[in-house]
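Okay, so chain A shows up in both of these, paired with chain B first and chain C after.
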Partner chain A sequence: MAEPQLGHAATSNNVVPVDGPGSSKEASSASIGLPLRQAMKQPVAEIKIHDITDKFTRACSALEVGQLVKDEYFTLFESIGALEIMDPKMDSGFLQPGEASEDDYDTLGALLPEELIGIMDQLLCYEMAWHTGYPLSQTLFTSVYIDKLLWPEPKVLEQAQFYRGEITDDKRPGVLLEVLRAYCLALVKCCDFAIARITSRDYFEEEDFCTHTYNRVLFVQVPMNVFQRELDASVERLQDGTEVEINPILRDAIVARLQFRKDFLTALDLDVPIDHLEAHWQPLLDGLTTITTTQQLGKTVPGSFSLKIQRRLASTVPPRPIVELDSADAFSKLKQLITDCKEATRFPSLPPDPIEYQNFLWAFASRTPTPLPYSRSYLANLLFHESSISIPLADMRYLVFPASPILDPTNWTLSPPRNPMLPKPPRLQLAILIDDFIDRAGQPYLEFWTALGQNRCRLRRMLNHVISAWDQLQSDAGVVDEDLKNVIGQMNAEGQVLDYPLTTWVYHKKLWMMEKAVLLGFEQDIYLPDEYAGMYLFLNNVSRKRKDLLLTVKSDFNNRLSQLRSNKSASGLQKAKEVQDGLLYIDSLLAETTATLELGLALGKFYVALLYLDLIPRPKRPFGSEQCRYELRMKNFLNLHPSEVTEFSEFNNHTKPFGPYEKPDTDEVDYTKDKIFKWMANPTFWSGMEEHVRRAKEACSLLRKLGPQAAHAVGVREAWDKEVQSTMASCVALGVAVLGLKLAAGAEGPRGITIEFPTGGQGKRYHEGWVVGKVIKV
Partner chain B sequence: MDNAEASFYLSQFIGKNLRIHTSDNRVFGGQMKCTDKDRNIILALTYEYRAPPEAEIKKAVVDSGNPSTAVTWDSRYVGLVVVPGAHIRKIEFEETGFGKSRVIL
Partner chain C sequence: MSEQGAELKAEELQYVQYQADKEETYLPAIRQLISRDLSEPYSIYVYRYFLYQWGDLCYMALDSSNALIGVVVCKLEPHRSGTFRGYIAMLAVQEPHRGKGIATKLVCMAIDAMAARDADEIVLETEVTNTASLKLYERLGFLRSKRLHRYYLNGNTAFRLVLHLKPGTALKRPIAVELGIDQPGQYQGYPSASHDPMGP
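This part shows the complex of A and B:
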């Protein structure tokens, strides 16, 4: 009996072509006999169904083994992606013999208050698991309650219930179920907001976050206040207490969760005005504490979550297990999300200064644990809100245009001559040249900031691309610089402007990024210990160039300062004061790059010594040559102009000053291992290294003395302090390590010591980018 | 049926909509892409249809009083699938009125 009936049901309902459910609208409108409607009616193709089982089977068996009858455009490669039906590992719809397709969990069954708390907390755990990158199908969508609310898709919010259609009054959900419904609805809306926020970014990556909703609509159209009202009503019904009597402790715990959900929803709202942002996150931290302390009151309801729901989600992937995130982990993730977002809300209140912004972004990206995708999108959203200043212009003003005639505001007030044949006044020409260049620089600048908004690994990879974009910009800047020079020549103002200011600015920024990219490589353990020497020496090379550049800039500042002071006018003195202040920033940059330079050099030499002492494991690489490896490491920098990468032979001279590590022996001097050991036993060998460490320390303390004010890092004072301090600590650690080596190095080579490399990301390094080997006595 | 005949017959269905009923009472509707000697069939753009549980059907029949009343089947998109020949219970061909090329059944 059931068989034909099913067949009938199938034809009359859903098994119409591949356009899926809901294609039976034609049938309902057919009954409306309005003439116009009928004229408008699309011709409906009549579908005939033919049973071809027998003939198909016979035809198949007539095929040869291995013969395929296939679409000529259908490739083997594509076919690999096909899900195998009836294979339990692949087919999410597969039922074990006797297994029911759905759970018999009753979503209208009464709940105990403890169970309600348990479900709410479990949902929160899954929500956080989703935020850390798992798909909804393995997290929130395993909840039977949420499934009931979302499917079949409700047309209006009132339909989103734990039941569908009409039910008798005695079955109506009780207060606690209504409370759970309000909570779930708001939770779903939170997910909707999170997805909207993350996908609205200019740069969004799927590997961090899963936005797939499996054809479920997360109340996109319903405004937020509806959910807030539902939550408020639930709180009232609970506190009123006439409908249901609950232990006050449990009641308060439930109310706290509802309140938290309401606050969270409000904070996630996309349309919050920028000046009210911060106020939304603090209450969440307080609310979270209450939830954490009352968590033990909850009682889990395992049946209310089911893997079987995956069977009904539009999914082209095999079934996957539910992700269990420990509640302690979930709460710490949530706390992290809230604090990160709270931190991000400080962004709009920073001083309007691109260097401040840059420092803030850098500090935000350096937060540990690394901010979740949502928090990063949240910041990115604030980042690109309207700003009244031209960011690149303000940036270059600090570095290369101290009180410069090129950026004189009056330049922008001049009008072109009426006769287009006449030459434009030089000042206007300057304004036009700068405006054009700012336009040109906009995109690379945006890319730079976008990169700063990523997680650390992607930041490193993206920086490499951004560097080449800035390399292009640098060559364009050269052209504009020539034009500027001509105009300045016309104005007889040569002495007042640095040569090639724009190139200098771009080049400086590029070198800064290169330093950071290499340091990030160390932080992320891209390099193996036997490569440390080479990479730190390379870093030293880059910062040496930056330092030279900054020294030129500094002399220009001093130049300008004496010019302005000699001109005794009030405006001249006022400008002199500005230049004097600007000089602090240059000094701060100089100190920073000097520290990098010296520490890089000291570490490079330290690791070279360790290589000769055979204290660093050198893995055998039968299929690789050192030259190929060098090219690989330098790949991202090979095409830069001016060239930043030295020839391999030159590089070798620095990393192997005494010839090969195994058999140190050069033409000039007959170095044997013994001689090297002897030489190293002499304290003078180490004094060079100690000198560099000393200079690095000096630069660090100078940097610290100049303070965050000079570095334009007032907004992230603590993070900045910490960064400087940890660099200082790395210097100290290196000093200790060098001393340890010095003492251990005897005439027969080092005795009784090993080197331990502190692993990254576990707080074992003073500074993640500076890997300082520890000398351990055995 | 010899090999040439069989190949011709089967290749007519390439790109056409088939409904495949499997041994666990599901129906897969999608475009045929490929088949072989073991009657394994690859379908693209496939939807899966599943009958509601027995109890629900009984209830629908009782409620409406009509033994062949319509019930809604659960359906969802599953994309590209391969249905192993061993699990195929029935193959149906969907002939639409628009189809220009006639299929010789």
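This part shows the complex of A and C:
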């Protein structure tokens, strides 16, 4: 594998991955004119044998020795899939002299209880390695026992034994082998459930999870209770003790494993009713503790796992090593899977509110370590479970339709006039316009949620696509908004409705996603330190727009409030109360985006200062140009309407307010290095930055004070609280860093400091999206 | 590493473009050098796929006895995103010769060659933990564009690195879209299960 080694100026760094070739999907436009291709298209009616030796020899004589001919259809994908026979590293059928193709491990040989425990735990390790993304062929399917059970394919479960056909009584497997069989059968069924669950949702084969079963059928047709019964019977036989006498400590350890397997199988069941979900996961946590503490009782049985089985699983893939996940890692992954699934089971009991759902999904996607594919699919299944509310409608109601005549329920009760030539009543027109728009919004909304269910890297990339989809939706919303305005005009209700409500709703969501996409870029270390300034200033720009939008919304809420209060009717006051409550949500959004805006601006200015102080490494970059790099960075946002990306010159005005970072020491330029240093040595230079930090903190405090209720995040109170606190901590850290710079600044530039950039994903940042450079004294 | 010392040493090497009629001379050494760092070797067809079509984008560093010290292998073709895209597929330098700027020189030659052939952009992937490789490319002007979860067979994650050579590259779009034709292949929210690292 391409080894990542430090200290090599040039390791063989980038090689095309063996499983993922490059642009192999290019559509070949060439006509299919090759005789062989045409021959392959013929229906295979009867086999005719032609001697092509002469033709072949003649054709070959037209070529020079060593001359290559490339078929137009031979793609990179095919070249990567090609194997060289008789090369031991590629040819899985290649045998060293004297090597046997099969192992001689006896699956009917008696096992010690210790060995049984060892095998069970080893299987659990491989099961978890599979869950983290490795194929079965390198994990569970290396077990000789599992191989025996699954191949040749048993017609009925009874045939799934560690032997095939008839055997003499003295060969019959003993109790411990029967116990192992029950365990393995249930384990295989667990895999079947996992595959079914994951493939029912969006996932990515190579990067998330391998579903390949190599033509082995994982007891798809056999119902779960059969496996539960096998496990129960095993437990009984062990506890009965008449057939076999085992040290009680070992016996209990084995029983605990059987019980765990049964619980796990039950939890993974696809048909488990939605209202009992949580009850299934807690016992697993308890069971796992027992397994962990008795793990040292086990004894490994090396021969019971073999790489040779791969030969029979897939002949077109080179032999690949068994993936060794050590037991501590495996158990922690398993614990994580259980905990995450348990967390996911809270989803159905959330308040029926799209913002609550969104906050839950965001918090789930942000869990560390990042949830495994199974847990994400598990949540996705709950998420897309039928819901009684129209999600997009409820979402827009909160933001732009406070007690609005547009969403008045009576609008949906009107019937069209009998005569189709007559105009429809305005209220009915409103209902139809909204219904149509909700239909239109359904797909982008679904894509948004789907993105939130992906692995973190995929989430960032997918968000960029979803943003485009919402950009399209925004332009459609504009048209519907015009129609709404006309109808509202007919009703003389102009003052009661925000201008362009649908556009506002879509645009707000789009800007929110853009903020997250940029923050995810920081989290995933996509930007280099000398890009920080520009990207935080861009983030600041985005959240400024969101804030402006929210301020308009807020003033509409306030208008509506005074209208309703002046109308002293009971229904008016009731509606006023609704709007009043709704305002809290707007205030919470405002505080959130203000924090982003101010902290983004403060950090942007901070990094601009560091660039002038030569405290950030700036690669020379002989290729390309700054403008090209700016375009590349903004690529995902270049086509949005309204335009979110400023001209390069404008961008430069902000990132280089004093001209180029490299300064000739002459008076010909406006700002010499000397002048900049002198200026920075003056505390007032930093006071702007400090002011933004202060405002960011203030916004965080306000956000916290408004609380999860106002943010519609009561379902994820703790995670929400932590998010706000870590943003606050980032503000504090920035305040400290600015102070450090201020103290070090002098007329000759900063003295005796360097900047340390905390790397992502290692717990070194207060908030993964906010990279706050640390001022270090040297 | 001392840049000066590196340059002196590097001078002893000669940098040559691969030639298809020299396959017998060079390919075995290229394979050996590249596969040293792979758990699973590429078949000869992978090398031929690149060298047959883009042999002129392959550069080799040879020592005075013509032994292969380093190599870079690339391709250049229209990408479905609408750009004319170069791709650095393989880069390797013999262990004892690392740290002397040989890889940088090879990559620069490849980029120059691709730029001369009107490439819009150049891309590649490298492991997120491969600091040396990241530094090499980032010094030259590459930016990280994507993080690719479990990109490699060993489960490691990669960065996609991109260098735009021409202004306006980021604005290029698939041709079908320019014509206003709806592309079924465009993102639909339901990704196929395929892992196409060169994807959009």
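Of note:
As a convention for this text, the second predicted complex is superposed on the first by the 686 of 778 C-alpha atoms of A that agree within 3 Å, B and C clash if a C-alpha of one lies under 4 Å from a C-alpha of the other, contacts with A are read in each partner's own complex, and residues count from 1 in each chain.
As a convention for this text, contacts are C-beta pairs under 8 Å (C-beta built on N, C-alpha and C of every residue); 3 or more make two chains touch, one makes a residue touch a chain.
As the structure is a computational prediction, the values presented were derived from the model and not from experiment.
After overlaying the two complexes on the shared chain, residue contacts for A:778 are found with neither chain B nor chain C. Between chain B and chain C, C touches the greater number of residues of chain A. When both complexes are overlaid on chain A, the residue A:68 reaches chain B and chain C alike. Contacts of A:624 after superposition on the shared chain: chain C is touched, whereas chain B is not. After overlaying the two complexes on the shared chain, residue contacts for A:48 are found with chain B alone; chain C is out of touch. Look at A:422: by the touch rule set out above, it reaches neither chain B nor chain C. By the touch criterion defined above, A:156 lies against neither chain B nor chain C after alignment on the C-alpha atoms of chain A. In the superposition on chain A, A:570 makes contact with neither chain B nor chain C.
Residues 1-2, 4-6, 8-10, 12-15, 17-18, 20-21, 66, 68, 70, 74, 78-79, 82-84, 87 of chain A lie in contact with chain B in one complex and with chain C in the other. Across the interface of their complex, chain C is touched by residues 1-26, 66, 68, 70, 74, 76, 78-80, 82-84, 87, 89-90, 132-134, 202-208, 318, 320-321, 443-444, 446-447, 450, 455-458, 460-462, 465-466, 468-469, 524-528, 531, 619-625, 627-629, 631-635, 638-639 of chain A.
Taken in their complex, chain A has these residues touching chain B: 1-2, 4-6, 8-10, 12-15, 17-18, 20-21, 45-53, 55-71, 74, 78-79, 81-87, 93-95, 100-102, 215, 312-316. On chain B, the positions that touch chain A within their shared complex are 1-3, 5-7, 9-11, 13-15, 17, 19, 22-31, 33-39, 42, 44-51, 53-54, 57, 61, 67-85, 87-98, 105. Chain contact summary for the complex, chain C toward chain A: residues 1, 6, 20-21, 23-24, 33-34, 36-46, 48-49, 52-53, 70, 75, 77, 79-80, 85, 87-93, 95, 98-104, 108, 111, 115, 124-133, 136, 138-141, 143-159, 162-171, 187, 189-191, 193-198.
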